[in-house]
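So, here's a batch of structures to check.
Shared chain: subunit A. Partners: subunit B in the first complex, subunit C in the second.
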Partner chain A sequence: MAAATALRANPDRNFRYWLLTPAIFLLLLVGLFPLFYSLIVSFMRIDMMDTDTSFAGLYNYANLFSDKRLWAALGHTLLITVIALPIELLLGLAMAYLFLEKMPGRQIFISLLVLPTIISPIVAGATWRLLFDNRFGPINQVLGWFAGYPVTALWTLNPKLVYPAIIFCEIWQWTPFMFLILLAALSNVDKSQTEAASIDGAGFFRTFRRIVLPAIWPVMAIAILIRGLDLVRIFDIIWALTAGGPGTMTETISVYTYSQGFKQFETSYTAAIAFLVIVILTVVVVWAIRRMGLAK
Partner chain B sequence: MSDLKITGLHKYYGSFHAVKGIDLEVPSGEFTVLVGPSGCGKSTLLRTIAGLEETSEGTVEIGNKDVTWARPRDRDIAMVFQNYALYPYMNVFENIAFGLRARKFADAEINKRVHNAADMLGIGPLLKRLPRELSGGQRQRVAIGRAIVRDARLFLFDEPLSNLDAQLRDDMRVEIKRLHQELGRTMIYVTHDQIEAMTLADRIVLLRDGRIEQLGSPLDLFERPANLFVASFLGSPKMNFVPATLDGNTAILSDGTKLTLAGKRNGKAKQAVILGIRPQHIALSGKRVAIGHAQVKVTVELVQPTGSRVQVAFPLGGKSVVAELESRDVSKPGGKISIDIDMARAIVIDPQTEKVI
Partner chain C sequence: MNKLPFHRRKDVRLALRYLVACLLVIIFVFPVYWLFIISFKTPDEIFAFPPVWYPESIQFSNYFVLFKDGDAKSVLNSLILASVSTFFAMIFGTIAAYSLVRFRTGGENLAVWIISQRMMPPVAIVFPVFLLYVFFGWVDTFFGLILLYTAFNLPYVIWMMRGYIEDIPLELEESALVDGCSRWEVLWKVVMPMARSGLFATAVFTFVFAWNEFLFALVLTRTEVTTYTVQVTHYFGGQSNFWAKIAAMSVLGTIPVFIAVATMQRYLVRGISMGAVKG
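Showing the complex of A and B:
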């Protein structure tokens, strides 16, 4: 009783920080500690085959520059990103426009359309792997109906088909995400403004560029940023579809990092790759946030 | 020549019948006010004229051209919205210029027109500002500027003053009336405020439940309402309605008061009616009773001074009746006064049909 009165009369201002301590401790343990530890590891000579764990200085980082497979993987990642991201954006935007008007069955359609995004990417990838199967896959089957002869396209092996297959799955899975976010943004645009524009004589594109786009831009920019980062880190779909193959043709940076760490067991070198990716992404994200005007 | 002609217009939202067969012709240069309680279909009607809502049935002609299925931009109209609908990412100049740019006017012409409109509305110094940096009244001026700069055939106003405070509303009302006189354009104005309707309109279209109840000059509707609804909607304070029984040319109230009607009424003998008397048509008795006036003694119940006038409530024929008197006439409740009712301007309503007889 006396203690409670004392607390009320002279509240311990530090008490709230004590309450935060467990959360901060957990954050440090699972977040910052591994980050710092891998930074340290990247300056050492650790691999899982050897007991030598001596300090290596910038040796691992120097190796990054001559690693052709690494730069190829970065190139693959970039290729997938620059093709898939604009398509997802435009497709999502078009769908959002389509579903902006009230129509019968709108709710059900939206729920169905969003399903791909709900599925775990590895499951989606595995499912598409089966759909793309050259002998038993329904895709070749359906294509065969149209072609009039059996189609046996090797979707996950043919060098000409693997990228279209991967990018198709990626777009299939993540366009609904863009659609949902842009639908929310579009439904928040003041309808009387677009009505005023339609009376003023502005067509669709002028209205979109001058009135709708500025209104949805903050949301759209964040959606682009999120999806862009996701695409740079793309792993599951590729792992399930091609595992980086044929050869290393579809090896993205995440797939390459994984195989260096857990197939080649080059622990320190893998840490160096991871840090390279962190640096690249940080630079890109900071630039993008400035460029998109999100910092204002 | 008429600038707007609506024939047999219906509007359905699903199964909801919002506009139920409107016929309306608006002559060139007229200021028409669509007025009525909320949900009467006045805004829907305006939006259908603008092309923002599709017509379910009937035709809309603007400038003798059938525009029922034309896009809003092809209708030669300008519109002012209730929430101003300014483009938030453009400054005032660009807001006003937007319609001209969309219609590919030359820069010099745009510049001239925008400055003309801005000068007319007194917003010249604000041209570089963004809408969010303006007050409500200034925003409304910009919205009006955006409409007049286009020099359209038909101006549509959708409750443009309802977001403003009382003082500003009065100022802007004057402004709009002045603009109409200067521009001489046909204007259709939607409001639920009967004072706005009375002060602005050349002609009032009074709507209820998707239908036109009555249509005419403000004075016409005020003095000669067609039915109970019109009589009760227009006028402030509201018209008094007292049940009575007709006996020849005399209306007998439930408390026995006999009021002699002036002028010819088409009521049947002993018919139960509702007597409608405007508060403005009651005065304190003078020395002599004028022809067509009735004199009654009443006890004052409630006194509400409004400054220039005083609203006095008293029981008459089982109802509380309000009279608008000169402010010096009555100051305290409780006293007995003798009032003078202008029976020539009283109306008699059939309670069954709610029509004036």
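Showing the complex of A and C:
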């Protein structure tokens, strides 16, 4: 009897590790291994012409600092993020408030509003390209109705209009995501507290700041973090709308890294850029997590 | 006092809410409508000036072209890649999450490491992954992309399933063990059924992520396993006469996601909020 229990216990002891093996193996293979590999490559001097695998020290990293296109790309990425993120958040919050109370047909409205989020970003970009077309797109047509004369704005080519175009598309696609998360968070706020506050004469904004915001903050912070990270690596929408153009005007860090790796074949240099991105992101994420009080 | 009586004020408020709600729906749904409608237009209607907002008649020739040329096969490729990788990601991810929750394997550190894998910018690893795939001959194979999508979705699945598994009462598993079930049997017969709604919600998102993925599909496919997202960009070449194809291909690629989300809808909102709350 005792032997039988020991037999049963033994396979049990490794059970927990067996469960993790496939997941860890896959994560190491396509997550950690490429990272490690590119770290090594980033210290070499491999490009399209040259497969020199001798170590070149910090050569590639030193080049990063004088790469104007790289810093411009980081700037573009930052620009899109700091404009799109607050708008998505505030608009999402306002929409969540609109649908917080029960109303007939509420579920249908919510389902329809969530459509943009579930379509592929590449399709979203393609759709807006069709909408923004200067001649055959409806946006210029509608603007023309208001303006009273035919509008022929080149949304994806005019340097003044490309950013609004990209940010519009981005906001259209991802505000519903914020909306859905914030709606769930708001529905969980204790109603008796907000009612008590309004009986005490506290206005909407006061109630929001004192009671609602602290209650929804953990969820809101994570939503901001998820969207922030997605925005920093924005690629698909840009690819479909402008492909980084005109020139390199809307080239984000992801688009630039892609073109260095797969158009210029600057293998080692691309690896160095990738590491710069990882370092910057890690610092920002750690800072954000601390700042937002998400760390345990 | 020219204030309206209370119930009237409530009516006005509700009417206003409906008004704003309808406006929002128009703004957010119109682009989707436009995409769908272009796919049904004739070339003359697509390139009419001023633009026409609805076609004279619904015609499917834009779709027939896609099927005739074999381009529609890319939707099938996406379907295979997304469903097979979702299946494996759900299995591997759920059992890993179970290990993390029930046995505290690796403590908090392992869980944090797994989640941090998701924060990695894809563009940072796409190039080394490409070189790895060239080395193994996995470029443009189903195996290669399924492996990749499975691995990419694992952190998300583990993260989400951790929350759901924590909610399963331990007593159920213990009594199953006492009844003579093996550990594996407990997992399949008790844990999986109990976590069912969580499994569905997570699987839909996993499926949608894989379905909509573009960057890795762009880099790692050539002709055999081209996904629909890559196929759409093949029509971008500046030639405006590909509009019909862009729209029809996009619609073909979007309908399966709409179906998946619509059928799983009751699990979704809970899925989104859970993921955020349990973070």
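Structure notes:
In this text, the second predicted complex is superposed on the first by the 281 of 296 C-alpha atoms of A that agree within 3 Å, B and C clash if a C-alpha of one lies under 4 Å from a C-alpha of the other, contacts with A are read in each partner's own complex, and residues count from 1 in each chain.
Basically, a contact is a pair of C-beta atoms (placed from the backbone, for glycine too) under 8 Å apart; a residue touches a chain by one contact, two chains touch by 3 or more.
The shown structure was predicted, so the numbers you read here are calculated from the model rather than taken from an experiment.
With both complexes brought onto subunit A, simultaneous placement of subunit B and subunit C is permitted, the two fitting side by side without a clash. With both structures placed on the common chain, the touch criterion links A:253 to subunit C but leaves subunit B unconnected.
Annotation for subunit A, partner touching more residues between subunit B and subunit C: C. Of the two partner chains placed by the overlay, neither subunit B nor subunit C lies in contact with A:174. When the two complexes are overlaid on their common chain A, residue A:155 makes contact with neither subunit B nor subunit C.
With both structures placed on the common chain, the touch criterion links A:31 to subunit C but leaves subunit B unconnected.
Across the superposed structures, the minimum distance from subunit B to subunit C, using CA atoms, reads 5 Å.
Of all the residues in subunit A, the ones that touch subunit B in their complex are 190, 192-193, 195-203, 206, 210-211, 214-215. Touching subunit A in their complex are the following residues of subunit C: 14, 17-18, 20-21, 24-25, 27-29, 31-32, 34-35, 38, 46-51, 53, 92-93, 95-96, 98-100, 102-103, 105-106, 108, 114, 117, 119-132, 147-148, 150-152, 154-155, 158, 183-184, 208, 211-212, 214-215, 219, 229, 232-233, 236, 240, 243, 246-247, 250, 253-254, 257-258, 261-262, 265, 269, 272-273, 276-277, 279.
Those residues of subunit A lying in contact with subunit C across their complex are 11-12, 15-17, 19-20, 22-24, 26-27, 29-31, 33-35, 37-38, 41, 95, 98-99, 101, 103, 109, 111-116, 118-124, 126-128, 130-131, 133, 135-138, 141, 172, 175-176, 180-181, 183-185, 188, 218-219, 222-223, 229, 232-233, 235-236, 239-240, 243, 253-254, 257-258, 261-262, 267, 270-271, 274-275, 277-278, 281, 285, 294, 296. The touching residues of subunit B, when paired with subunit A in their complex, are 50-52, 71-73, 75, 77-79, 81-83, 85-90, 98-99, 102-103, 146, 150.
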